[in-house]
Amino acid sequence: MEGLIKLWGDTGLANFVPGQIVMMLVGALLLYLAISRGYEPLLLLPIGFGCVLANIPAAGFTDEGGLLWYVYHVGIETGIFPLLIFMGVGAMTDFGALIANPKMLFLGASAQFGIFATLFGAIALNLVPGFEFSLADASAIAIIGGADGPTAIFLASRLAPDLLGAIAVAAYSYMALVPIIQPPIMKALTTPAQRKIVMEQLRPVSKKEKVIFPLAVLFLTILFLPAATPLVGMFCLGNLMRECGAVDRLSNTAQNELINIVTIFLGLAVGSKLSAEKFLTVETIGILVLGAVAFSIGTASGVMMAKLMGKFSKTPINPLLGAAGVSAVPMAARVVNKVGLEANPHNFLLMHAMGPNVAGVLGSAVAAGILLALVG
Amino acid sequence: MEGLIKLWGDTGLANFVPGQIVMMLVGALLLYLAISRGYEPLLLLPIGFGCVLANIPAAGFTDEGGLLWYVYHVGIETGIFPLLIFMGVGAMTDFGALIANPKMLFLGASAQFGIFATLFGAIALNLVPGFEFSLADASAIAIIGGADGPTAIFLASRLAPDLLGAIAVAAYSYMALVPIIQPPIMKALTTPAQRKIVMEQLRPVSKKEKVIFPLAVLFLTILFLPAATPLVGMFCLGNLMRECGAVDRLSNTAQNELINIVTIFLGLAVGSKLSAEKFLTVETIGILVLGAVAFSIGTASGVMMAKLMGKFSKTPINPLLGAAGVSAVPMAARVVNKVGLEANPHNFLLMHAMGPNVAGVLGSAVAAGILLALVG
Amino acid sequence: MEGLIKLWGDTGLANFVPGQIVMMLVGALLLYLAISRGYEPLLLLPIGFGCVLANIPAAGFTDEGGLLWYVYHVGIETGIFPLLIFMGVGAMTDFGALIANPKMLFLGASAQFGIFATLFGAIALNLVPGFEFSLADASAIAIIGGADGPTAIFLASRLAPDLLGAIAVAAYSYMALVPIIQPPIMKALTTPAQRKIVMEQLRPVSKKEKVIFPLAVLFLTILFLPAATPLVGMFCLGNLMRECGAVDRLSNTAQNELINIVTIFLGLAVGSKLSAEKFLTVETIGILVLGAVAFSIGTASGVMMAKLMGKFSKTPINPLLGAAGVSAVPMAARVVNKVGLEANPHNFLLMHAMGPNVAGVLGSAVAAGILLALVG
Amino acid sequence: MDISEALATAANIMLLGMVCVFVFLGMLVLALKVLEKVAGGEVVPAVGVVPTKSNIQVDANVTAAITAAVHKFRQTKSND
Amino acid sequence: MDISEALATAANIMLLGMVCVFVFLGMLVLALKVLEKVAGGEVVPAVGVVPTKSNIQVDANVTAAITAAVHKFRQTKSND
Amino acid sequence: MDISEALATAANIMLLGMVCVFVFLGMLVLALKVLEKVAGGEVVPAVGVVPTKSNIQVDANVTAAITAAVHKFRQTKSND
């Protein structure tokens, strides 16, 4: 009888607090979005599952010595997991389209206005009672506009660990929502004639260019922005392993087994930060709103820049390409392609959009470095 | 000359103590069983090798800073390795047969009587002079009857780390011996007519059912037995990744490279606990005897339950299926199939036996949770 | 404006110290050798990249909490990474050629004279002002002559961590230079007639022999040289997993994904030791010179031993085989084959050279154990 | 704790444990019955070997190669 | 730091950040222009699917097998 | 420790080390001779490329596919 009472006293039923129930529903929602809607399932499934585990009453997953506690401290507090993901992404990324058309980097640059405008917006939100974002908080929130998961997690782990859960969830959710968020903005800022513009075919790119590219990027980062070298450096390492042709077995492992293993743990660790006391706050609402704003501003800035560049360019530039500058690889490039096809069924923009798309990855890593240098 | 003396003083020959020699022979025996007899080679080979390494005189594998010391502290003391194995096993397990015939869960439940009866037996063994099992020791020993390696290692690392080596070795050895231990018990408790019973074909199972199943199991565990959520949670995560279809690359890595890497280290770490002073004790004999008893009682309970259920069931139930309830996946199910074929050469029970077999995995994880809640 | 000054103050341009620039060039040189010249790219690419990252001013890769700091402390200070590499190499090594012709072990033994002569040379170098190698330093430097990367890294991490970067770079560079270093020595010490000697075909080797071989090696090491058991033990574990046929999935993972993952991190960690204050010293010049000497002496000793053995052997022995005794698998064996073909276009020595080649691996692991026992 | 007390505790755990295991897995049985009602019915093979991606790929490669080869061969033949 | 001061700082960072991003990526544009001069020109497809090693292997295997099979078949035919 | 002493130690280690390496590997030679007596004799190729599982699979697939293709082709031919 005593044992029965003890067992009952240990059940979830006897220990649930309301916040945990809500967070479990949040976790279930993430799982639903990942599995049934296909929203960034590789990350949102482990994040959602981690959220559920972290909120089990009396199970101790996030207490010192618990599974998620170890995973978070080993992988995210040290910054190692997002950097390994970045290495793997580098090993998966083909910069050919960007090397063939370097101007696309300006689209990737202007789309970062989503980040910096949101930083300002987050500070402005402090005018609303209940919000008290520090500059570090605001920077971590703003990076959502970079539309790049590992960059957001890395920066949040450095500047605002308490907000990491909400920031990561917002970043991946909006990346999945790119096909819904971007098209209206793209259409509002362009005329059908502009959307029909056909781009010139990309020039061939030599292997040598592809090998030197990551080294050149790293070199510039070393010279001008060492704070960005962890992110950019690991990304370039991955890309160098991919392109050099001498270490294919390392490159394959980096972009397959290693990134898969790290993804599982990264997701669980992010999910472990989704506790009621940290997520069920007014800040989270602010973060979600600001994240949506950041994506929208980034998209609009990219499109406007593409229009501007088109005016001065010798070769025509389809302004839709600017939307791909937010990164969200390869989703944003696909959205550009789709919206372009709606206007001109023979105009395939996918390859051209990959240029600004990968430029956006570099752009947000650079922006993260700037924020680290100024605020960190 | 001085150097020669120093070298001689460092040789194994000059430093061996008798216990180490015996433990090396134990390690060699495990290697022999793994390689030549095919007894659970994936685990017993690394365990045997780890046992040999751990008992090398003056090599310091298990001293602080030694290889096996690191592996044990990082992987087993934290509980992480068995949990990752469980995730991988979840990603390898098809619950279709169980979902199609849920009653089989009762077979998986009754086979756990092997665990709880052995717990009683272990305490009773204290009546024999020389044995002094605490309740925690007895629980860790009893879980051998669960016939599930990672569950046994996880529980032993929590309740009785000193006995971990002997418990793990016993668990895997008896799992390998299932084809020898079970058939006599199965035949003694059933008539040839009963063994000939043909089961109805299993109904088809939808993908949706398979996706919801791990979530339902996790949900019940959260509500009623949070202590079991580390084991059950990671198992369900693996199974969800497998069945949801959205994260195949994670699922493949979890059930291949990740589980392989962890298996090597887990085996070495378990082997590192096979030191003379902890293994060459009267307790080890007790553990080996109790483990055999546990398997036998579990098998018998399963078969008896299947006979009982057959009496009340509308559709016929072959009592042999009960033996598969101990888990030992997929060995026990194969044994059921083989014994069934001996009685009726046209009666293939393998698929039907997979139901109680995987139910046994859940059953012993639940039993482990109960023991953790009551004793831990 | 203030922000701009802060950003400028953080740039690499404003913080570079001359030593870092030189080390970056060293890193770039290693990358060039790896990528364009194909010099041991699997290791030299990550080492070169790690060297570049470690010397970025104000980026903190090697400060406590930095990425490379973690990687070094977790993987090399503990000795775990080189041991895992060794396990993987064991799983990739076929000892068939050696088992078929055990005498080849004497070639692998005599080539280790390169190690011990270099140890003497390193101490003798203390006569030159500016050099102050301790016995531990000298031993770590000498192991370069073993022509085996993980052995060199393991021993250096134990005996002379400050010299680890230079030692590892020297070891891998000279291994890559084997096709340039060895042929002149081989030709100087042999006559064309000797180089034309055709070897008898190797006898078939049974699976049983291959399975027992790693166990026999481990057994002898346990008896006579426990200090070598970490290296030899992990090597034998990998080889046993390969040959036993019962754990192919573990063996495949050990020789593919696991070794690839560890290789990336090992390379980065080694590169992190290439800092200006530790590499840009007169000691490094000494290490590079001694390393070249060690390779040359090892090659010469092997060839001389092969000539000596040929005089007493019933079956003919091509003295070129001795050069393969330095290890540098499989480069040295290929060099033997090539030089042999130059003398006799129908004489394929590759398979015969694999015997002394893998014997050299064992030989240098044994030599490392002796040095650890005497000096460590 | 003397031995008889320990035995009583052990018996207690034995009883309680078996009850809990049965209750827990019994609830799962109920849950699965509900699940079948809610989500079952789709007719796909319950269990069986699903062709893996690599097999399919190989087969596709093989088929394509053979198609080409046989086609070529046929042409060669017809030119004879 | 009061809110207006914080806003000023944020505006400052916004301006500075965008300038830096543009300068940095602008320099990369220049670098790529130089790179094209130095290393460009090799005519290989800019982007597209590169056959992976395993594909090549399979194809080689397939080709070898088919060559053998067709050869054998031809011989068989000629013996008819 | 002055330099001449250090040199003496180094020479000592050199001698001792080479002796130990030779003794150790010499014992291994003996062990291998014994091993050949005990376990040798099975006639399998000593060294060479062992077909990996995936190769075998591919070959099996290929063979099956070709068998089918050639069979089909033969039938087609005979219908001509």
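The letters A, B, C, D, E and F name the chains in turn, as written, and every chain counts its residues from 1.
In this text, a contact is a pair of C-beta atoms (placed from the backbone, for glycine too) under 8 Å apart; a residue touches a chain by one contact, two chains touch by 3 or more.
Just so you know, these numbers come straight off a predicted model, no measurement behind them.
The interface holding more C-beta pairs in contact, when A-E is weighed against A-D, is A-E. Of all the chains, the one whose CA centre sits at the greatest distance from that of chain B is E.
When each chain is reduced to the average of its Cα atoms, D sits farthest from chain C. In terms of their C-alpha centroids, the spacing between chain A and chain C amounts to 41 Å. Between chain E and chain F the centroid-to-centroid distance comes to 37 Å (mean Cα coordinates, whole Å).
Rounded to whole angstrom units, the spacing between the C-alpha centres of chain C and chain F is 20.
Multi-chain contact residues of chain A (touching two or more other chains): 3, 7, 224-225, 257, 370, 374.
In chain E, the residues that reach two or more other chains under the touch definition are 13, 16, 20, 58, 62, 66, 70, 73. Of all residues in chain A, those touching chain E in their complex are 94, 96-100, 102-103, 105-106, 108-110, 112-113, 115-117, 119-120, 122-124, 126-127, 135, 138-139, 202-209, 212-213, 216-217, 220, 224-225, 248, 351, 354, 359, 362-363, 366-367, 370-371, 374-375.
By the touch criterion given at the top, residues 78-80, 83, 211, 215, 218, 222-227, 229-230, 233-234, 237, 240-241, 244-247, 249-250, 252-254, 257-258, 370, 373-374 of chain C touch chain B in their complex. In the complex of the two chains, the chain C residues touching chain E come out as 2-4, 7. Taken in their complex, chain A has these residues touching chain B: 3, 6-7, 10-13, 15, 24, 31, 34-35, 38, 41-42, 45-46, 49, 52-53, 56-59, 61, 65, 67, 70, 256-257, 260-261, 263-264. Partner chain C is touched in their complex by these residues of chain F: 3, 6-7, 9-11, 13-14, 16-18, 20-22, 24-29, 31-33, 35-36, 39-47, 53.
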